[in-house]
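Quick heads-up: structures coming right below.
Common to both upcoming complexes is chain A, partnered first by chain B, then by chain C.
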Partner chain A sequence: MDLFKEQVNRLFEPATFIGLSTVGFFMLVYSRRVWSTTSFWVGNVVLTLFFGLSALDPNFNKVITKPDNIPILIMVYTAWWTLWLSMNQAITNDQRMELGLPPDEQEDSGKKVWAWPDLVYTELLAMLLVGGLLVIWSIFLKAPLEEPANIADSPNPSKAPWYFLGLQEMLVYYDPWLAGVVFPGLIVVGLMAIPFIDFNPLGNGYFTFRARKFAITWFLFGYIVLWVVLIFLGTFLRGPNWNFYGPYEYWDPHKLEALVNINLSEYFWIKWFQQPLPSNWMIREIPGFVATLAYFSVVGFVLTKTYLKQMHQQMTTIRYGILMTLFLSMMALPLKMLLRWFFDLKYVIAIPEYFFNI
Partner chain B sequence: MSRLANVKKSIARSQLWTAFFRHGYPDTDRNRVLVIMSNVLLHLHPVKVRKSGVKMKYTWCAGGLSFFLFLLETITGLLLMFYYRPTIEYAYVDIIDLREQVPLGIMRELHRWGAHAMVIAVWVHMFRVFMTGSYKPPREFNWNVGVILLVLTLLLSFTGYLLPWDQLAIWAITVGSNMARATPFLGHEGPGAALLRVGDVSLVHIGDDVRFALLGGRFVGAGTLLRFYVLHCVAIPLIAGFGMAIHFWRVRKDGGISGPL
Partner chain C sequence: MTDSRQSPPTSPTAAPTRRAENILGAEGLSGLRGKTSRRGFFPWLGLAWVSITAGFAMLAGVSLRFLFPNVLFEPPSTFKAGFPSEYEVGAVDERFKSKFGVWIVRDEATLFALSTICTHLGCTPNWLGGEQKFKCPCHGSGFYIDGMNFEGPAPRPLERYKIYVADDGQVVVDKNSKYQWEKGQWDNPESFVSMA
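Presenting the complex of A and B:
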């Protein structure tokens, strides 16, 4: 049993866990067969088995039974249900449209029904159901209250509220000015920009996947992998000092993680050219500037010529530029993760003199 | 005609009854129009709706539930305000009082779990709107209003988290607001802040950067508690309520719930 648990712990190491989630995500999204009723239940059983059996483990139990972590459990299930519900209808519609039929919603969209009773009663039922569940939840689970606030005694780990744990997890890879300010800002701006960069007129008012592959794939990637998965990781797998702990591992505050991360400038000057670091930061960081510029220009250029070729031809320059900037910014997170996992890279550009580290 | 029916009829015709119920039970077309038109809450709805749009499997009722949870939070929050004083002396003990002295009290629980549920409901709603492509013309503007509502929902939840004034509260807010130090140009540890100086005097320092403005001090303290209380109980709910009014109005103006054309 212990051996098995150890294997599971390994499976949840950030690189493995995020990597497997990403692979699993693309397999899910690109295989149509998955979205059947059977797999809905298979998914629920797998989730329930994982949480149910894990709750038997004393270490996992300690984290999962924290009252403020219950919402994360609800979020994980809701994410699966809503993902399934939308993809199932999308695939059904895609199959209908391949046969030349209109989407399922079409038949009814011309008809109108009275708001009373059809809509009003549905709303009433939904409110009663959710209201009832909340009352039950409130009776059985007390809201947490810890020791009185004490600014001199910081708990370890100190965690932000659960819905911000994705951002806190980003701090492992990027400095606060990016992870805490620029990226959240870009998420908001990016969400607001969606209607203006998605020029595809198809799929307006019905579920479909085929007609909106690009939009749906990358929105889901951001939502599932870079948000839900990171919140899960930040809650269940990060313990004292924000170190990684497997789900069944004891949160030992003395666990040491060797920090061997190296800046790109050190790789470049010391390792490759066997020289001391230049004292002038402008010269020292040249490789970092080049790498960053290359990411935004060369990678952008290559994508324009290959994967996004059609899109580039159909969009105006400004829209395409904004799409590319947002897309590359989003992918900067998984990219930095890869660089960290495989090359122990700390910063691409490191100018601590001006708090400017990337 | 039986006597009972007579009594019923005279009640239904009385001035008192007709002042409150201006039409009969909505089981005729005429009354179904009247019920929606003459009730301020129901008139948020159109009289008739697209059949595909009222189906549970289309909207998941997620937008409606977000609104329901917002109302629930408003009511339970109001009740909590009777007991709670936002000062360092009282905040924590008031919560203890609330838990131990108020019989059968689950208002704090309802408020806290309702808040978590609202965050989830709003995400689910956004997800549904995305997956049905409902942000496409003519609904671009309403999607933008929605994104702002999402940010406000998170801010509501975040400011409320501090109010119990326990270890969980201040450290979560400390971790969350520490990021503000690093705001480019505006935070004292942000890139570019060092450039903003007049001679030897730096304009952005720990005593006047955005984090200071947010916390009302150099660390999470009495000033922060008051600031977050006012934001949580007055400012953000007002703005969010206003935003929702615009949101619902836009849903109607954009042709009701989306559907294939």
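Presenting the complex of A and C:
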């Protein structure tokens, strides 16, 4: 049993866990059979078995029964439900359209219902149910105030509110001004910009996957892998000192974990060219500047010739450029994670003199 | 259909004159003349303008004054930290962490004061004696005993404060001056006390 638990713990290490989540995500999205009613229940049973059996483990039990962590449990289920519901409808529609039928939504679009009682009554019921649930929740799950804030004593681990744990995970890989200001801003601005970038009318008013593969896949990648999975990771798998702890591992604040990190400039000058770091930061950080510029320009350009050839032809240059900037900024997070896990890379550009690090 | 509320019909030219008389009295517009002249109006306007501006200026002044409280319940930024001989080689002194936010560290040759503010996002790291490192609970940044960042996202080493030995032989830490490694300031003799 302990051996089994150890294996599971290893499966949940950040690199493996996020890697497997990504692979699993693409397998789910690209396999049509998964979105049947049977698999909906299979998914729920698997999740319930995992949480239920894991709750027998005292270490996991301690984390999962913490009142603060109940919303994450609910979120895992609801994320699956909403994802399944939309994908199920999309696949159904794709199959209907293959047969030359109109999308499912059109069947209903001619029907009309009364605001009262059909809509308002439902709203009233929902309001009462949610209100009652919140009352019961607040009675049974305590969220007490902690001791007065003390600047010299940060709680260990210090966790953000659960909905920000994805951002906190991002802060492990990026400088505060990027992970705390620029990227969150880009997330909000980028989501607002979607209607202005994406003017494809396919899928307006009905679910479809086949016609909108790029848009749906990468939106869901950002939402499922880079937000939901990271919140899960931050809640259940990050313990004291923000170290990784497997789900069945005791949160030992003295767990020793070697995480020595090296900047790209140190790799470049010291390791590869056997030289001391140049004293001028502009010369020192040249490899970082080149790498960053190359990432944003070359990758965007290569995509125009390959994966996004058709899309590039249909879009104006400015629109495509904005799309690429947003897309590549999003992909910068998993990329930096990979670099950190496999090369211990701390910063691509590191100019501590001016608080500028990428 | 007749509407009882409808006003009696009047000729369109006669109506405005009568209304003006009603508002301004029997003299009409000429009744205003002589009471306030056009020129006489401007001093009043000026006075109103000045008083409103003065009022706003006072509000702004009071608000600014509010930002500088009469009494500050903060520990002094300069404090005495005992005699240099009290410090053991290789030990991190945590006595001044909670009150002043300072660790005092003694190595072979020097004594120096480290800031307890993580250079990543400002949490307070913990000293882990077993692992000989400062470890931040927020995002996992780690620092060696000398303050150098070596793991996690912290982009630069912990900052050091000015430290010197006063005339009475006691160590004094002055948090008003700080010394940053990345600016080459740790070589500054004010940033450490030589124990050689």
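As a convention for this text, the second predicted complex is superposed on the first by the 349 of 358 C-alpha atoms of A that agree within 3 Å, B and C clash if a C-alpha of one lies under 4 Å from a C-alpha of the other, contacts with A are read in each partner's own complex, and residues count from 1 in each chain.
Assume a contact is a pair of C-beta atoms (placed from the backbone, for glycine too) under 8 Å apart; a residue touches a chain by one contact, two chains touch by 3 or more.
Not measured: the values here are computed from a predicted model.
**Q** By the touch definition at the top of the document, which applies to A:Gly180: first (chain B), second (chain C), both, or neither?
**A** A:Gly180 contacts both chain B and chain C.
**Q** For A:Asn261, select first, second, both or neither according to whether it touches chain B, chain C, the two together, or no partner.
**A** second
**Q** For the overlaid complexes, name the partner, chain B or chain C, with more touching residues on chain A.
**A** Touching more residues of chain A than the other partner does is B.
**Q** So, A:Tyr223: does it touch chain B (first), chain C (second), both, or neither?
**A** first
**Q** Of the two partner chains, chain B (first) and chain C (second), which one does A:Pro58 touch, if any: first, second, both, or neither?
**A** In the superposition, A:Pro58 touches no partner, neither chain B nor chain C.
**Q** For A:Gln168, is the partner it touches chain B (first), chain C (second), both, or none of the two (neither)?
**A** Touch partners of A:Gln168: chain B and chain C.
**Q** Would you check which partner chain A:Ile151 touches, where first means chain B only, second means chain C only, and both and neither mean what they say?
**A** Both chain B and chain C are touched by A:Ile151.
**Q** Which of the two partners, first being chain B and second being chain C, lies in contact with A:Gly100: first, second, both, or neither?
**A** neither
**Q** Please indicate which partner A:Tyr347 is in contact with in the superposed arrangement: first for chain B, second for chain C, both, or neither.
**A** second
**Q** One more residue to check, A:Pro276. First (chain B), second (chain C), both or neither?
**A** neither
**Q** Starting from the residues of chain A touching chain B, keep only those that also touch chain C in the other complex, and list them.
**A** Touching chain B and chain C on chain A: residues 150-151, 153-155, 158, 168, 175-176, 180, 355.
**Q** Using the touch rule from the top, collect the residues of chain A that touch chain C in their complex.
**A** 150-158, 168, 171-176, 180, 240-243, 254, 256, 258-261, 346-347, 350, 352-353, 355, 357
**Q** Touching residues of chain C toward chain A in the complex: what are they?
**A** It is residues 97-99, 101, 116, 120-121, 123-126, 128, 130-131, 135-140, 142, 150-153, 155-156, 182-183 of chain C that touch chain A.
**Q** Help me check something: in the complex, which residues belonging to chain B touch chain A?
**A** 26, 29, 32, 35-36, 42, 45-58, 60-61, 64-65, 68-69, 72, 88, 92, 95-96, 99, 106, 108-114, 116-117, 119-120, 123-124, 126-128, 130-137, 139-140, 143-144, 147, 150-151, 154, 157-158, 161, 164-172, 174-176, 178-184, 187, 189-195, 219-221, 258-261
**Q** Can you list the chain A residues touching chain B in their complex?
**A** It is residues 68, 70-71, 74-75, 78, 82, 85-86, 89-90, 102-103, 105-109, 111-120, 122-123, 126-127, 130-131, 134-135, 137-139, 141-151, 153-155, 158-161, 163-164, 167-168, 175-177, 179-182, 188, 191-192, 194-196, 198, 200-208, 212, 216, 219, 223, 351, 354-356 of chain A that touch chain B.
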